[in-house]
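Two complexes follow with chain A in common, the first pairing it with chain B and the second with chain C.
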Partner chain A sequence: MADSGYFDPVSPLIQPARPGEAPHPWGHTTLIGQRIPRVDAYERVSGAAVFPSDVQLPGMLHAAILHCPYAHAIVRRLETTRAKALPGVRDIITAETPEAKISWPYGEGYAPPLFDTQLRFEGEEVAAVAAETPWQAWDAVRALEVQFDERPAAVAERLALTEKAPNVHPGGNLARPIQTYARGDLGKGLAEAAVVLSGSFRTASQLHIPLERHGCVAMWDGDGLTVWESTQGVFPVQEQLAAVLGLPLTRVRVRGGYVGGGFGSKLQTSKYAVIAAILARRTGRPVKLFLSREQTMLSMGLRPAAIMEMQLAAKGDGSLTATSLSVLASGGAYGGAGSALVDWLAKDLYRCPNVRTELTDVMLHSQPARPFRAPGYPQGAWALEQMMDRLADALGMDPVALRLQNIPTVSQARDGSPAYTTTGLKACLEEGAAAFGWQESRQRTAAQPATFTTRRGVGMAACNWLVGGGFPPATVVLKLLGDGSIILNMGASDIGGGTKTIMAMVAAEELGVTLDRIHIEHADTATTQYATASGGSKTVPTEAPAVREAAQELKRQLLGWAAEELGVKAEALRYEGASIVVINHQEKKGKSPKRIAVTNLARLRQQRVAMGVGHKRANPKNKAICPFGAQFCEVEVNTLTGEVRVVRFLACHESGRVMNRLTYDCQVHGGVVMGTGFALTEARILDAASGKLCNRNLHDYKLPTMLDVATQTVSLPLKLPDDAANSAGAKGLGEPVVVPTAPAIANAVADALRPWQVRCTATPITPAALLQALAAAKEA
Partner chain B sequence: MFEDFAYARPESVAQAAQLLQDETAHALAGGSDLLGCLRERIFPVKTIVSLSSLKELRGIARTAEGGLSLGALTTLAEVAGSTEVQTLYPGLAQAAAEVASPQLRNQGTLGGNLCQKTRCWYYRGDFDCLRKGGASCLAVHGENHLHCIFGGDACYMVHPSDTAPMLQALQATVWVAGPAGDRSLPLEQLFMPPAQDPTRETTLQPGELVTHIHLPPPMAGQQTSYRKVRARRSWDFALAGVALAVIIEDEIVTSCRMVLSGAAPFPWQATQAEALLTGAALTRERVRAAASAAMQGAEPLTHNAYKIELFKGIIQEELARLVRE
Partner chain C sequence: MSSSAKSPPPGIGMSRRGFLKSMSVSAVATTLTTTVATGAATLATATRTAAHDDAPPQLIQGLTPLTLTVNGNDHTVLAEPRWTLLHVLRECLGITSPKPGCERGECGSCTVLVDGVARYACLMLALEAQGKSIETVEGLMHGEALGPVQQAFLEEDALQCGYCTPGQIMAAEALLRHQPDPTLEEIRVGMSGNLCRCGAYRHILTAVAAAAIKKKS
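For the complex of A and B:
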């Protein structure tokens, strides 16, 4: 029946709901949930995909930025003569350049000049050069003669709050009043507990290292600016550029397309885009400006380090009675909340009536922090999930059982304690533990003699995530062309999670077309519709319902046209993909039901296009929509050398409906890898004396290699379509997967070292850290 | 990005030696270290002398005595994959295989691995380090997690090579060509202790280049091994490493050479441990005692005392594998 370009769905295609209503929940699906390779896999693998860093334009210049080599300095003099005279140099802009006398909004009231003479972090922009080749640009940057007056810097959180610390801005280094949260009565909770534990934890700062460096190409055409930028969201970049340059939105076009990783560091643009635009304007030529890797490590954001003090108390049966957490962190030199969300899990993950948290943010002579895959959560999980294990030990309970004892049904941290639409926390713990062989593994590791120097340990940790349900705005347009092919038009970026593929699958599921019939236009402010940046694990739950709405609108229109043409009511028709069929047309033997091919609809033949527009609807009121998860792992610890090897991982996540099992598993694997780096290898190291970054390259900054991550990682999705959350029934996945990984590893290491009661409370768990902890324990 | 430089590709070792007499001329073998140094402009380079035409410096051959001669341009992958190396000196094959990553082992050479610059981040980074002509070592009171616990003096780097300690344990001889002709020296004399000159890594004179490494035939019953611990399992230098060449006859250790990587500015021979082990039966107690002896006199800095425990750990682990009980 299906002509080419359509397929026979497993279950009947879903019919549109009444106008104004959300699409009916999907029951059984045909494509959704399957393992579908990415629609752009060939382009990505073959190298045909054009990333912003691949863009080459005729007459294009290359730019480079001179950055401050000190954590804190004042520019006394800047001489450009020598640099200007170098071959190929076309323009140099500094604080003195009229076009560059604009301010850069860091937020929170900080809007220093684009090129400030007072420099507050190593990597802050001082001047920029445009030249015929990138090498000439870098040579010219080196030839700029700058007299820096190096000043003492504050780069350690605790020291920065002492009286003698150099101030980042006048008025002391406390970035904001200490934020407190309280519910219940902490004192009462502590008093009624059978066990009260306290502990200190620390997580190191993790640097953003997306594979594609940060940068853009800027080109002016008359008064209009076009910027190709490696970004998670073209619209926020457009808005920021328009605001800073004083242009209407109509004159700034931002094109994204492919992006080689963002992880939160590319949610907004950076000074480089404005610098490229100014240089392009002044030279009348397109300008390409991509930062060096060192510069991305110095200035493109990080997960702030966290210093945490935690107290956890429970009754004899494991019911939590009190939780307190205080956090010290820094968002860097220009405000920002380094401590934001670090306390969320402590407030929300487990049922606890009495909670108090305190967040202290300090200013440092350090690059501004940026959101980093699940901002705040992995830090907070590092403390909370280790404390939960300690509590389980103290109570003689199994760690899984202790968590099961404290499953909440409402989001306690939110005002009014709204119920979750669905919560898979309990099931993730139970099913994950069963699939991992938790009980048997625990017994096996407990039976190891203390004399073994190579020891196994198992550990687990759980999580939720803040914004799993998506939120407006999002607008998607679906266009049906005369030959039955489809254009899917959406503003959202596919940052690697498979957004394009999943949205094509949604359109195909709804319309009955094959995936190769769908062409995707996305991430271009001039030709696609507004979308917020792809971040917060909200892209699928935000965009997929909008695609469904657009498809519903399109189908409704086609049914209307068919009704007109066939002289029946639209309600008497059924959309079947390739054709529209009259329902209840009691066909006699040998006579097929009355139908009309969609591509034969007179109106389509005349108009040549049919269009459906869909928007993301508001979320249900008084409900919390959150993904949940639990991860289990086994490690091998060498007590002679401090080496830790992750043997196996099992990640059981509940993110509502599984949209594409292949990209789902990719997210899980990627999250566990990133979390493993956080746990075992990654740490920004600053020279204490100068505040300068020591490990500024990919050798010294230890991203994990394939040999450092588990050889076996099982992704076990808990399929729990959440129809109350949105019409796709899906919740976010990209961020929760990174949250429990590090504490699960730490708990496994503690299990391996049980005979000495050793626990590593600071990331990363390096051989040095582990040996020191062991030595201290053996001494004690 | 780089400073302008001349590029020469001599056709003979003598020509290469001639070109390398200029202090700003640098030999290019695999380039995996030089390229980074050029990019960071760590030292001035006016001439790059490519050794790629010197085919006679590449490959592994048997010597008349029954040992091996390894050309300086032999890649680390070739050393690691050589059946002869694996058979005669398995520890050397292990050490070569532990270097960096597969890509770097395909590119990097044995000679380059011996003559590479330190990975100290004060040296490689944007810091005014003593070895680069600065006033003092910044590591000694700075972020010295990766630095030396032995042999530090003025500079506190660790020598980055994995093959050097193993070659030293195997009593390798280095052949050097220079303007004055060829000479040979014991491998340990190739490295310049910072106490003598903290700005140079090797004792090579201007115009000299390493041509071959000669290994004596393995002694009967010799067991060799190299064990390395690092912050991650690939593409990383040693936090601590131990190269062993041991002969055990009738339960008695008759010969033992133990050389450490990640310990000192040059391969560090653990002579006290060697002495303690030689002539005695290898028992678990002796293993522990040897591990402690190897660390006698260690002078850790503020952040690297863990290395003492770590070295004890790997030495114990490696020696314990030789214990027959």
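For the complex of A and C:
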């Protein structure tokens, strides 16, 4: 039946609920959960996909930004004459330009001028040029004559809090009052413990590095601005551009379409978009402005480094009695909470009655942090999950068994300790361990003689993630055209997680149409419906219920039209995809039931379109909706060179219903890759004296390549549809998958080095760091 | 982690670190105008005021006609001598499948085939590419139909955001032309010059293996 545009469902198509009621939970599904290639894969493999950086407009100019080369400096003089005279240069804007005299809202109460004369991080914008070619724009940037007064910079978190440290802003470098959290009685918990351990941990700053650099194309049409932006969310960009430029929302159109990665760094609006808009308005030409790779590394955000002190205590049976964690971190030069959520796992992942955490945020002469895939979590997991392994060793327990001893059924970190809608933590640990061969592997690595210099180790770690059920607002429109084709209209961006594909699958599952009959309109503020930015692992659980609701409304409308035409009540009809059937007594007697093709409905033939609108509804009250996961890995450590090779990985995640097994697995593998980089190679390195970035390219900042990740990586989804979470039964996946990877690797490295009791407590575990730790242990 | 610095087997193309090694250190470290002088001897007079190597490079102006053969078609354009192959493909010819990621030979998003060898289009001057056969993913298609490597990437979901994908596909194409039956290790080495920040490596590995089979049928 595929050529009709409808498929044969494995079970009868689901009928719409009554108006105002939530759709019934899915039973058997035909498409959902299958391995289905992306609906836009053709565009992505053929080169036809137009990313914002591919946009070319007639008469378009190219812009480039001059950024501050120092971590802290004052601009004394800026001379543009020489640059202006260069060939092809059409405009230069600086702090003196009238249109640029606007303030830039960094948040946290900081709103300096767009081009400030006091510059607080390397990479902060000083001036911008528009020219006929990008080469000429960069020529002009290099020809700008600027006199900077370099000032001493606050570079390191601890030093920045001392008396003599240079202030980022007047009043000291503490970014906000120290945040504390306490439950139970920590002293009592420590007193009743059989084992109390403490440890210091550190994670380095990690840069997002989406391969499409940050940037946009801006074009004016009279008083209306259109911006093609490489973004995770067109609507937040539209709102901020409109606010900064003083325009109504109807005069700012932001178009996304494809986006070449973001990982959190493209959730917000950046100065370059305003700069491009100003240059475009002044020159009367479209302006393309994409940052250089170095500039993205200097100014487009990071996962802040974390300095952590942790204490963990347990009874002899492994039950946790006390947890404490203190965190020092920096959100950069303009406030912000660099420590946000670093303590969440310590408060929430395992059952523990007595917990105390303390978060200290310091300001540095460094770029503002941005959310980065599971903000705070990988840092906190690095400390907690290594402490859990140390605790298991001290108690003589298996690390998996210790975790199983402490499975919570409620979210302890939330007010009122609400129950989880579902929790797969226990099952992820048990099924993951079984599939990995955990017990056997542990025995095998324990049996290695201490004389081996190439050593194997196995390790594991678990996680949850803050939000899993999505949240309002989201609006989706489904349109049925005269020939039965469907247009799916939603504002959400597909940042690589497969949002478009999964939403098309949801619409197809509901309506019975084949995927090739669905056209998707998305990520354009002028033509699609409002959606928040794609981040927080919330896009599928937010948009999928809205698509379901839109489909149900569409079906109700078609059933109503059929009832009118056939002179029966809508309740006497059944939606079967291609047609609508009268359920009557004749069907029971074996006669073929009366039916009408949807495309033959008189109202559709006359109106040419039927429409259903759906929204994301509020989440259930007093419930926590969270994804869970556990990862297991085996590493090979060379004790002579310090090299760590990840041999195999198994990631068992519970994110509710698996929507598309193919894109699900790709997400899981991708999280493990990014976590492997965090564990072994990635670190933003600042010069301690000047605060300048030492590794400002992809040769010096090491991203994992195909040679750096485990060939044997297994994704083992725990299929546990969460019907209480939302009508799709799905929870988020993109972020939890990156959380346990690094501590699982660290635990495996510690297992390999067990004869010397060596544990690497700082990321990244470079060969040098490992050898240093090993040498220190051998000396001691 | 240092294993990624391994040189690819001869004839398979260049890994990003291999490429860097083949260039002089000064050319990488200094500006593109210097690269012109170091990379192509014929351009030295155009970019230097004097014959001395330590003379400051002169600002390059003026457009030069050049002809590129892209996917079998000749295109004549006016280009500055310093323009890279990547720039001319994208900005002059509108072929936007090679993507700018780093523009210094580190990420592989701009990988194209030059005389059948995978090269970073950001590290080759357009002038250097004259007289050579340049291929992009558009050249792997048969009309609107995907070629075997593209089809394998689609079926195996060897991508997420898709930005590095055209470069990955061209690296795979180069690998399979030189080694039609690659081992998994050969695929890993052959593909190690192309970064994927979404981390789709596991599926890329499967796709390249599947493409090897598809190419034969």
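Rule of thumb we're sticking to: the second predicted complex is superposed on the first by the 770 of 780 C-alpha atoms of A that agree within 3 Å, B and C clash if a C-alpha of one lies under 4 Å from a C-alpha of the other, contacts with A are read in each partner's own complex, and residues count from 1 in each chain.
As a convention for this text, a residue touches a chain if its C-beta (ideal position, glycine included) is under 8 Å from a C-beta of that chain, and two chains touch if they have at least 3 such contacts.
Here the structure is a predicted model, which is why all the values come from computation and not from measurement.
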With the two complexes superposed on chain A, say which partner A:692 touches: chain B (first), chain C (second), both, or neither. first
Between chain B and chain C, whom does A:640 touch in the aligned arrangement: first, second, both, or neither? first
In the overlaid three-chain picture, which partner chain does A:772 touch, first (chain B) or second (chain C), both, or neither? first
With both complexes superposed on chain A, which partner does A:42 reach: first (chain B), second (chain C), both or neither? second
If we overlay the two complexes on their shared chain A, which of chain B and chain C does A:72 touch? Say first, second, both or neither. neither
In this superposition, the partner of chain A with more touched residues, chain B or chain C, is C
With both complexes overlaid on chain A, does A:211 touch chain B (first), chain C (second), both or neither? second
First, second, both or neither for A:453, with chain B first and chain C second: first
First (chain B), second (chain C), both or neither: which does A:681 touch? both
Once the shared chain is lined up, is A:356 touching chain B (first), chain C (second), both, or neither of them? neither
On chain A, the footprints of chain B and chain C overlap at residues 134-135, 139, 643, 645, 680-681, 697, 699, 702, 704-708, 766-767
Where on chain A does chain C make contact in their complex? 37-38, 40-47, 49-51, 53-54, 56, 87, 133-135, 139, 208-213, 258-261, 263, 290, 292-293, 495-498, 643-645, 662-663, 665-667, 669-674, 680-681, 697-699, 702-709, 711, 713, 766-767
Residue ranges of chain C touching chain A (in the complex, touch as defined): 1-4, 6, 16-17, 20, 59, 61, 80, 82-83, 87, 90-91, 94-97, 99-104, 106-107, 109, 136-138, 141, 146, 150-151, 153-155, 157, 159-166, 169, 184, 187-189, 191-205
Tell me, which parts of chain B touch chain A in their complex? 1, 101, 119, 121-122, 124-127, 138, 141-143, 145, 229, 231-236, 239-240, 304-307, 309-310, 312-314, 316-317
State the interface residues of chain A toward chain B in the complex, per the touch definition above. 69, 134-135, 138-139, 453, 638-643, 645, 680-681, 685-690, 692-697, 699-700, 702, 704-708, 766-769, 771-772, 774-775
